[in-house]
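So, here come the structures, one by one.
The following pair of complexes shares a single chain, chain A, combined with chain B in the former and chain C in the latter.
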Partner chain A sequence: MSQSPLPADTRPPAGDPAPLLVVDDLRTEIHTRRGDMKAVDGVSLTLNAGETLGIVGESGSGKSVLGRTIMGLYTTGATMTVSGRVLMDGTDIHALTDAGRRELWGSDVGMVFQDPMSALNPVKKIGLHLTESLRRHGGLSRAAARARAEELLRLVGIPEPGRRLGQYPHELSGGMRQRVVIAMALANGPKLLIADEPTTALDVTVQKQILDLLGRLQAELGMAIILVSHNLQVVAGRANRVAVMYAGRIVELADADALFAAPRHPYTEALLSAVPRLHHPPHSRLEAIDGSPPDMVAPPQGCRFAPRCRYAGDDCRQVSPRLLSEAGGDAARAFACHHPVRPVNAGGS
Partner chain B sequence: MAGTGTAHMRSGQDRVLVVDDLVVEFPAGRGQKVHAVSGVSFDLLDGETLGILGESGCGKSSAGRAVMQLPSPKSGSVRLDGTELTGLTPRTLRTRRKKMQMILQDPVSSLNPRRRVRDLVAEGLSIWGTRPSREQVESVLSSVGLDPAVVWDRRPHELSGGQCQRICIARALMLDPRVLICDEPVSSLDVSVQAQILNLLEETKSRYDLSMIFIAHDLAVVKNISDRIMVMYLGKVCEVTPSARLAGSALHPYTRLLLASVPEADPATDDQAADGRAAGSRSPGGLAEQGEKSVELPSPLNPPSGCRFRTRCPLATDRCAAEEPLLREVGDGHYLACHNMGN
Partner chain C sequence: MARGVLKRLAEIAVVLFVVSVGTFALVDLTPGDPAITVLGEGHTPAEYAALREEMGLNDPFLVRYGSWLGSALQGDLGASLIPPNSDVAERIAAALPVSAEVAVLGLVMALVVSVPLAMWSAYHADGRVDRIISAGTFGVLSVPSFLAGLLIIMVFSNQLGWFPRAEWVRLGEGLGGNLYHAFLPALTIALAETAMFTRILRGDLITTLQEDFILAAKAKGMPAARVLFSDALRPSSFSLITLLGISLGRLIGSTVIVEYLFALPGMGTLIIGSADKGDFPMVQGAVLVIALIYVLANALIDLSYGYLDPRIRRAHV
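Up next, the complex of A and B:
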């Protein structure tokens, strides 16, 4: 992985049939004093090379734990149990040794976290953050690594990259720091970038710059992105497919346009109508979702959204719905609901 | 503002709050000052909600706090129901300030973790020497959507963020305020809870006959709750507009930039949304296409001369550097501080 991420030669061949990432029945149980918290409870999904998957959910839905478990940051240990498989290019991340995972993090998978300040070491200069992984995983010489670091900073749109290499994280603005974190994640040309709330700590104008940057880099470098966010609007228009998570499970998975045009799961519908929109007149009443998410140490029987769902029937409280595609419907779309929202005839689709 | 001006100020008897030429500065060491708010004026009508919109560092929170005299502004006047608040003795100030209450961003840290809900809600009145009756506290708790029987003996850590924000609203209501200043009250909450709190604030406002200042960075949230919106940038006012026309007819390049930055779901399926987006990004100067000139926010220690937005503005000319634009009326209730737009 010593070549530059700038040319498109890391891009996989178009129409590659095997998905880049396969997640199969992934479960992450976090051991707490009160019992085992089922943070991720049976998630399966696939991701193709160059694709963007959005994962949307509220706090406690398990979206960040899912991202970190896919990354291999969370593995079975004293505090948690992970079961299921995460296949990256056919390699099971959770079957790797610690050294094998470190190798993977440096090269094939990169991650961007929410808070750029805490993702950077405050007593180390920007240059060291970037050259560290280039020299460790890329095997570059000191001078070559420094040149590549400068190139990476330019790639993520940082002005005067040469000067920035000698600065400390506190000397940069929040948006600039997040660009540095993205540059670090891209250092060795990853095939998959996991971005966990990459813009939540940023202002709206900076948020747009960072999202545009991720989109541009994806087009240039051909990597796949998992974009985790609590904000539906951030994911809309940026992701090819969107998975909506509730209480540790995916409740709806569909192409982004189809999902936002006509949600089928009641939770997706409720989330969409809870958000104020710019084109609505002022003082429009918002459709709040009553109640709060379930306690994941002892989740309710049946559908976990049933206690808050306006469509719920007795069957919902008994039998847990499975994530399935509708017979004769859109095969790319799946939802876990006994009483799905009827598709509205939006624009003849 | 990014000029100064008072063109947007109204006259008449039904103004609850009049803020004139507010200046807030903080010492930053080595003789430098952070110019947080530089000559901002606004007024608030009885029953009106004024939204103050801007990004971090624009001075919106400092302005809200200066109105509360937390701390008192460096200069300028704040009149509540005709009473000048600046320059009052601390003792008198405390009695007058009761009529203004503040809701803050982080509801959990604004509640004393060791107190129970019943004491938290009663605290305000107790300080004034009138211990409220159990019925009073219960009725306020019910009006913010909490079941008194359930939460009565709880402490903040036993409640969710949304519930804590309801407690904060209940605490404010106990003092029977005229003006509620909400500083980012929903930005730490999940969207489903955010909707509950926004609805509650609207209900509360009409039930208790309040006027409200709503400070936030989220355009759609501010538009939803406000009657009038004031957009701030680096301590100055850029634009004042009726909230109904924010998306369609905002003119200031900064407001346009904010609008163009808002991510929107399902634009293709909603004609109105598509219109709104088109209107937001369309401009005579081709603003959306030109984008920003610089990505960095200038330092508030040494703000740019003239129009403070000029360093990021695609339309900036020499005049913008030399001369500070004044707020002027460009439409019904719509005021703009820009040399290049709205002519």
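Up next, the complex of A and C:
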């Protein structure tokens, strides 16, 4: 099979000439006691204004670290080396000073965290969580910030918003807390919302509410969303495009419909067949992916999925496949595989 | 809430009861005879026996304790056995403010220095400054207070001549002069406390800084100093506050060395001097008052947990 030499992710996105976000060869090495862990290892992607990009992968695939390094946001005390470029509206975020990045955080970029139990400070009232960001970026007066905070809580569907402002996080349910976290991220009308496993810590029924809320807010406010999840079903039907990550790299990037209809990368295929479907007969066995993700301090040579891949050949263990579009195929999709899965309904090579 | 307060008061009463029984029992347990203390050596056994009878020392323990407790509850802690047989309560009322002021001043100084130090250390954990601070606090902790006090006197009083030594100006004689004279003893106390506070708070801050809500605060674009003071400090200060309560109680009663170095008429000096001379009413009274302060300070600390963490507030009610 032949692939075009042009990596799919550097092609100008169709329609919009200037993407909101361009990530170019982003690498994050986390320094650990055992050695340098390549958590993100050469990721490139673009995101248009108002678009939703899903990033899926197993635990440890680097998807959460990717979400944070895009913004240059790290846990205090973590030592890491980041290289590559992240352009937001043409500004290289990693070239900014700390102060410059802080102007961006909480205003143009909002973050939603995985666990609403721990993302809210237990000793601060809901009101302060919201108003401090409003006052910092919007320069609002105390009263104006409070009024806006109440408005935000109403926007994310919290009943009795006025009363909630005076409550502490522990007085709210998990779903309500996640709504507060979302309200916090939305406070200053961000252009980009990075949602890192926003529903993983929640009940299934609440999960759907939160995802529907994100969808509704996106429609109303028009921001772009990066939706990071280990759960394909969370991303299905909500993301325009999906990037599948494995061992720090994107292995497949495609429009969501195309990806779910016909995965090309064996890892994507394996992920999809691990998802229970309604049309499966009851009590049928789910397919699991054998083995475990590689040690990212010393990743294997060649394709990182090769040790777990049923299609892998000798070439896979030698040469690392690049993320490329198929010549004559769908220009909007790319995959990094020497032996891609043949599309079911297309002829294939 | 009312139930919580009642429970707390009952606990305080029990602790004070135990302490008072303990200190009262000192008279029986320690060698030495109060009668000899009062009369001095060289009297006939009959004279001592008569005095013991007169002082009620031959009564059963419970009777003696009961009468002492009855007076103590009315604020009468008895009189010193040593001439001029001054009133115990009055002597304590004179010594306590001195110790309390130096202790509080020292603790405030320690807090003012240790909180920013711990923050810097924790925020740049394992960095060069952190290592210097860690080594520094360790060094300070290993210097005994008499040595630290002597060094401070040598530098600030003898060499630089900035501060007087071996004088005490009471608060009533002017705040400025009082603070001026309290500064060096407070500084001596503050040194070790600063080192301890810094180490404790640094450790707790490092843990707190790993929390998601710290990352969330940063993701809102809040400056580092604001994140540290507004988000990280309060959840990290439980150990510090606990230590603060213990330190306050300890410093008021047992800074004998510092009081001695600076010739302060404080509680430590009072207790040691009295114990040395076998002046039991004085020791009993002073220990009781210190226990009371200890217990009250720690009750206050317990209450402050509720302020620090609203989740505890509900559990206490």
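Note that the second predicted complex is superposed on the first by the 324 of 349 C-alpha atoms of A that agree within 3 Å, B and C clash if a C-alpha of one lies under 4 Å from a C-alpha of the other, contacts with A are read in each partner's own complex, and residues count from 1 in each chain.
Here, a residue touches a chain if its C-beta (ideal position, glycine included) is under 8 Å from a C-beta of that chain, and two chains touch if they have at least 3 such contacts.
Because the structure is a prediction, the values reported are computed rather than measured.
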item: Chain A: partner with more touched residues, chain B or chain C; value: B
item: Chain B versus chain C as contact partner of A:T76, first or second or both or neither; value: second
item: Which of chain B and chain C A:G90 touches, first, second, both or neither; value: neither
item: Touching partner for A:P122 - first (chain B), second (chain C), both, neither; value: second
item: Contacts of A:D203 with chain B and chain C, given as first, second, both or neither; value: first
item: Partner chain(s) touched by A:S59 [first = chain B, second = chain C, both, neither]; value: first
item: First, second, both or neither for A:G328, with chain B first and chain C second; value: neither
item: Contact set on chain C toward chain A in their complex; value: 123, 125-126, 206, 209-224, 226, 230-231, 234-235, 308-311
item: Residue ranges of chain A touching chain C (in the complex, touch as defined); value: 68, 71, 73, 75-77, 98-99, 102-107, 109-111, 113-115, 118-124, 132-133, 136-137, 168, 170, 181, 184-185, 187
item: Complex contact set, residues of chain B against chain A; value: 55-56, 160, 162, 190-196, 198-199, 202, 217-221, 223-227, 243-244, 246-247, 257-270, 272-273, 275-276, 280, 292, 295-297
item: Of chain A, residues touching chain B in the complex; value: 58-59, 157, 159, 173, 175-176, 203-209, 211, 230-234, 236-238, 257, 260-262, 270-272, 274-290, 292, 346-347
